[in-house]
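First the structure, then my questions, so here it is.
In order of appearance the chains are A, B, C and D, and numbering begins at 1 in each one.
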Amino acid sequence: MRADKKPNPVIGSGKHATVRLTAVTKKSIQDRERTMDSKHQQLFTRYQHTRKLSRDIVEPLQPEDLVIQSMPDASPIKWHLAHTSWFFETFLLKPFLTGYRPFQSQFEYLFNSYYNHVGPQYLRKNRGLISRPTVTEVQEYRQYVDDNIATLLTRPLSEATLNLLELGINHEQQHQELMLTDIKHAFSFNPLFPALADHQPQPQPIAALNWQEYAGGEQMIGYRGTGFHFDNEGPAHPVLLPPFKLATRLITNGELQDFVDDGGYKNPLLWLSDGWAWLQGNAIAQPLYWQQMEGQWHHYTLSGLRPLLQHEPACHLSYYEADAYAQWCGKRLPTECEWEVAAQQQPLDNSGLHLGRLHPHCGTDPASAQATLQQLYGSCWQWTQSAYSPYPGFKPATGAVGEYNGKFMCNQQVLKGSSCVTPQGHSRASYRNFFPAHAQWQFTGIRMADDV
Amino acid sequence: MRADKKPNPVIGSGKHATVRLTAVTKKSIQDRERTMDSKHQQLFTRYQHTRKLSRDIVEPLQPEDLVIQSMPDASPIKWHLAHTSWFFETFLLKPFLTGYRPFQSQFEYLFNSYYNHVGPQYLRKNRGLISRPTVTEVQEYRQYVDDNIATLLTRPLSEATLNLLELGINHEQQHQELMLTDIKHAFSFNPLFPALADHQPQPQPIAALNWQEYAGGEQMIGYRGTGFHFDNEGPAHPVLLPPFKLATRLITNGELQDFVDDGGYKNPLLWLSDGWAWLQGNAIAQPLYWQQMEGQWHHYTLSGLRPLLQHEPACHLSYYEADAYAQWCGKRLPTECEWEVAAQQQPLDNSGLHLGRLHPHCGTDPASAQATLQQLYGSCWQWTQSAYSPYPGFKPATGAVGEYNGKFMCNQQVLKGSSCVTPQGHSRASYRNFFPAHAQWQFTGIRMADDV
Amino acid sequence: MRADKKPNPVIGSGKHATVRLTAVTKKSIQDRERTMDSKHQQLFTRYQHTRKLSRDIVEPLQPEDLVIQSMPDASPIKWHLAHTSWFFETFLLKPFLTGYRPFQSQFEYLFNSYYNHVGPQYLRKNRGLISRPTVTEVQEYRQYVDDNIATLLTRPLSEATLNLLELGINHEQQHQELMLTDIKHAFSFNPLFPALADHQPQPQPIAALNWQEYAGGEQMIGYRGTGFHFDNEGPAHPVLLPPFKLATRLITNGELQDFVDDGGYKNPLLWLSDGWAWLQGNAIAQPLYWQQMEGQWHHYTLSGLRPLLQHEPACHLSYYEADAYAQWCGKRLPTECEWEVAAQQQPLDNSGLHLGRLHPHCGTDPASAQATLQQLYGSCWQWTQSAYSPYPGFKPATGAVGEYNGKFMCNQQVLKGSSCVTPQGHSRASYRNFFPAHAQWQFTGIRMADDV
Amino acid sequence: MRADKKPNPVIGSGKHATVRLTAVTKKSIQDRERTMDSKHQQLFTRYQHTRKLSRDIVEPLQPEDLVIQSMPDASPIKWHLAHTSWFFETFLLKPFLTGYRPFQSQFEYLFNSYYNHVGPQYLRKNRGLISRPTVTEVQEYRQYVDDNIATLLTRPLSEATLNLLELGINHEQQHQELMLTDIKHAFSFNPLFPALADHQPQPQPIAALNWQEYAGGEQMIGYRGTGFHFDNEGPAHPVLLPPFKLATRLITNGELQDFVDDGGYKNPLLWLSDGWAWLQGNAIAQPLYWQQMEGQWHHYTLSGLRPLLQHEPACHLSYYEADAYAQWCGKRLPTECEWEVAAQQQPLDNSGLHLGRLHPHCGTDPASAQATLQQLYGSCWQWTQSAYSPYPGFKPATGAVGEYNGKFMCNQQVLKGSSCVTPQGHSRASYRNFFPAHAQWQFTGIRMADDV
């Protein structure tokens, strides 16, 4: 327990020696950056920015916090830090950097998430048993990968290779969101209710929930620009929509409390059949992270346990809960097409993750002040009634990265928008997030829809 | 164990006395039928026909066979016999037949499947523990309900009430299919491999698997006629489809064996993520009911255990298996819209359940001889890649029958067509069957699709 | 569902033909009995008596009742009927009756309980899925075995063979008790609460609970006579006991209700650690078969659901419950040695199973009227604090019957005495019954002990 | 992830402020020690020695290692460090040190293992989710408790209070063994196979396995001295034993490999019924920590993964495995009385835990060189065929410490001796260790016995 000493990274067994940073790889990153062409430089700047954000996220945490895993669906923060580096090592350095020596041969297995093309994977539910490599060693691994990426970018690279690097950056952004949802889930089991942020939310007036109508008709959905997007956002294609309307903001905690107080969690008539079975099977009687204390609702947040913040958008709701709430209101959830068509008509709100806040954004952002629909982005992901299916003509990429999205197209619901823990620049109208209907630990909320 | 004696139906407790058939209710059904108006008569004929088919299905079975339940998803045959009667009693006799006395007060609870509007339900997974009422008592219950339905139809009834009767008939038809799939599943656990039918299949030449192209474009789907249909088949609405093509017949056992022999069940790259987890978690290495005996594939059928019938359409496949097979071929499964649009262009093959056969139909039916697509109906339900979702504008009926379809619209895949155990007259192009992706015990097969 | 017709016993597959009773085997049993020597005759009389009791037990039941299995620890009655016949076929007819043809080759596998020496076994938890052979076919199997046993006994047989026959008779007696405990458990899941017996219990005055002292010292335990006994009852051997005292009767339902009403099921301080975990894990809040109805305790009995019979010995208690009750009283349970030493000093009460009663005997039997300890036999098995271990020098028999008792000597507690559903002649002071500490479905009660 | 910074121990929530070490409590421990009377001084020396050993054990570990929990039966090392301090705080400081302020109010709940008298407990299986308090904070907690114990011992204390302190010391010794077994279990899931010790075992000649005979007869067992012992070791009492013999040493890995190679794990005839079910249910095919690599058996040890050390005593065996091995040899395991009677005739080998070794001791210790039985202590705990039951007249202590041993007297087997990770001074002939029959993760081995 020598907090100050650095023991051999993997004690005991000489077989698992890791590659040490050498003088060559340690050559100043700035030096190398100067030799890159401007396109590579630009990409490298974004790479470095993203890598730094991962470090910033874990800054207030202790090594102990980075090891724990609260459920198979969540991963230790340390695993996220390593896996995002594994992604660059596996898909960029190994195939494209001549002479690259892997940092540690066992990492290919330990930090592979689900890429069967690459090879077998360490059992997902046991990730929380992997105390070694330590946090310090994972930091060294990250540094080693960064150094080598810098070297790689000094060389001529094909468009396809650069696309993979961009995919890796977006992949790490997705894991940044997961780091925060996963540590929140893990901390919620601790009766000390640790806090990550120091946010002091102020009660705010809640805008009236209005309805915005849309004409429907033949519309295009899917990504149509020239920038980065995931394969599941295409091909863009026309759809036919009947007229519809959407609520102008998300449902608040206060509104959700009305549902709870009205016996919403005890009335099977409001729930999907699977949802009711899930409620019964898991003895769920209130939203995740809510608890009664001295007759008052509290909820655990990333700034600690608090009396229920009435004005904030309700979050951590499963699809089942979102659907039951909409039923209770006599409304429904939107389809992914409806949501996307409506969002196309608004400016993109480019706000994103704010480490001091980490609460669902509830006000009116400057960028969206004049927008019709509030909280499209940066607050809570919004469940749609659309199952996650391939768009017509969708073909996954060949090779391992083809496993990124396509193989999950079953038993998942599409979520649109983005949340308060989504990194800046990671939101767009065509984005298709997806989770199983029972998932609660993401920042997921409710925007209601209705027929016209 | 007095097989010949009739003890008190429910031994011991006087509290549970059942209503006995009285002279009044026993008054000849024919007499009453003569007093019905012709519309009621016509409906009653269909009612009687359906009720008789249930009796015919269980005819070769023993009382012992009717009690067993092989898994929570399946039910004892005796439960099906009682529940279909409960449906008529609950939704027609209790509300609309003045003075009706329920046969047995506890049956409301015992034979309620999932209607929360009606009240709580006996635990589904324990249905196989309910030896009482006996088979004989359930027959009496059925007779009692039939008598009372006859009486009901001598009276003037609203259109809505007649629609409920029609719903009840179609409901019993659905359970007739389930009786056969459930007893097949239960019998498959018995090393004596009991047989229900005496079918002697003859090897047949297998037609070449050809591809039929369709232009796509704007098409209508959903039920547009004036006859009976389930609420989930509407509203009819236009959709936009790209051009596509469909295989002209289903995949055969022989073709599926090629997949098995090629290691299809061992290659994660072919499977959806959930599908691979399902395979691993349940140690599945071949199709349901298949087993190796002395180096040769056999499969259990409703006519007993047999060497694999190569020419028959492959069935009892989960969505995961169907999808993996299509991946292996470099193809895909159809969407429900594609299937329906193609089927609209063909005559409806009105063949149906044949108690002496009970095998997937593999030949060319007279009605479909000149049709382009073979085996649309009467062979195997065909998995589509479409999740089961509400059509735009769908509203479930009010009251308990509103629970019939709507609350299952999550985590299910749509199946189109019908199977060899679907009763005659129960098939149509707009029919939307649905099961979870892992379900194997229905007669479910593969029709492949592809982009043009 | 032709209750009156006899179809082919195993439908469909010609491979599983059963042996038919022939003229030779049908030759009158009485004829053969006359040719037996007197020792064989005497044994055959007991054999026939036991076989008839099995038939008598199932007489009031329906075929449907004989198929159901409520938990892996219990078996369908039909299985018990077949398995007890399998025992005679496997251990007597196959090895010792020259030319014997097994009734059905698959039965060796289907009705083997746990004898690995004999071969693999059908999965215990799935016994309730085996509708075939039918009840009628099992009756024919029993008749076939009886005929052949009669033939066997016309021949000269070794002492060891006759001992196996006696073991088979005692084995069937054990299963007779299990038939009644298993059907009670299964019926308890039926909201119709079927009854097997027509018992009308009369409230009786309850004798005061007194304490009888014993001096302890060096005592012999284990079977020392010349009659039948199980291998686990020997070798007889001396033990050293401190002085002790035993309660003169069992704890009643009324006394147990005081424990329940005092919060006994909510106080962890009264329970063994495993017991409390069992309570929590299974949400147990009252004794098995007890339920509150309109503010009053009822319990399900083999004569139906009744208001709690206060004066009857409490039964269906797990070891955990028995121990917690004793803790609550500041007492303890006896050791098996204490119980046996005390019982040796009393006449054996030879009462036994009474099919019209089937309730724990609560009065004073004629035979025990002058006895100090009441209800040693014929009421409830009595939990001891002794784990089930081999006596010093114990060696299981060689061969398959060596698996009868020895391999269960771990994680079980010894029970002494016998119950109201133990067949007559099956009780003795040295008898060692055993069940895991959580078992509740046997007729198991509480006799308290204390140090002097 | 600031390894070098010390954030607020419990981030965010002001409610959980911990007591800080003040000048008064920090007053030099030596100063206070000088004011103790000699009996208190002596005890305090042992206290300090034990507390230091806990620190020494974790010295080579990283903070990440101290958080992980590999199964509900094991605990994180950090939890052990805190719980052993909780024991002193709860049973000594709170009741007996006037004015004592608990370090952190929530710790009473968080670090209570199973004392229902004290209050409810944090869910055992979730201990691995508690990243806070951090390792550093737990060290402060330990220091705080040590300071206050020093203060307590400057005051006059009753005999009973001093006995509780002695119990606390022995309690921490037990947890020291658990720290090592638990981290070994957790590390074994890591494909990097971390090592704690740097032991280089040398192959040694293996002494012949001889048999030592004992006459049996009336013998005393149980603790009869005046020193510390657990309540379950008494009362001492006479027992009657037949003659018996014991193997002079433990079974080695090499001997166990013969059993494995002979198909021991595939032959149900060798196993207890529960043992075989455990084997099947957990797919166990070799001893814990063994694995085949390139055709050779290896095992994971606290000095890393190694080719099987043939000469070392076999360990990490469940009772089921120990019993099956003995069956295979035609022998049996000893009873706890046999083991204790034999051990009484030998000098006590006072060797104990050696942090540089951490392997089962296989040689002949100086103290036992002339002893008949080798490896009674300091190598592997030795399974006995005796279930863990109360000795005649046993009464647990009143109050919470009465829960220490008594409530576990069900479904456990007694183990005798001690292991290579038992602290020095913690072994004696009357010691009764106990674990469930399936437990493998302790250092548990096989000494065989036989009848004479």
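One rule holds for everything that comes next: contacts are C-beta pairs under 8 Å (C-beta built on N, C-alpha and C of every residue); 3 or more make two chains touch, one makes a residue touch a chain.
Predicted, not measured: the structure shown is a model, and the values here were computed from it.
Participant: Once the contact rule is applied, which chains count as partners of both subunit C and subunit D?
Facilitator: none
Participant: Go ahead and note the Å separation of the Cα centroids belonging to subunit A and subunit B.
Facilitator: Taking the average C-alpha coordinate of subunit A and of subunit B, the gap between them is 41 Å.
Participant: What is the distance, in whole Å, between the centres of subunit B and subunit D, each centre taken as the mean of its C-alpha atoms?
Facilitator: About 59 Å, centre to centre.
Participant: How big is the gap, in whole Å, between where the Cα atoms of subunit B centre and where those of subunit C centre?
Facilitator: Comparing mean C-alpha positions, subunit C is 43 Å from subunit B.
Participant: What residues in subunit B touch two or more of the other chains?
Facilitator: none
Participant: Should the pattern of chain-chain touching be classed as line, ring, star, complete or other?
Facilitator: ring
Participant: For each chain, which other chains does it touch, given as pairs?
Facilitator: Listed in label order, the chain pairs in contact are A-B, A-D, B-C, C-D.
Participant: Where on subunit D is subunit C touching in the complex?
Facilitator: Going by the criterion above, the answer is residues 114, 116-117, 218, 237-242, 268-269, 271-276, 319-320, 323, 385-387, 389-390, 392-393, 403, 407-411, 413, 437, 451.
Participant: Touching subunit B in the complex: which residues of subunit C?
Facilitator: Within the complex, subunit C contacts subunit B at residues 1-3, 7, 10-13, 16, 55, 58-68, 70, 78, 106, 109-110, 122, 126, 128-136, 139, 186-187, 189-196, 198, 303-305.
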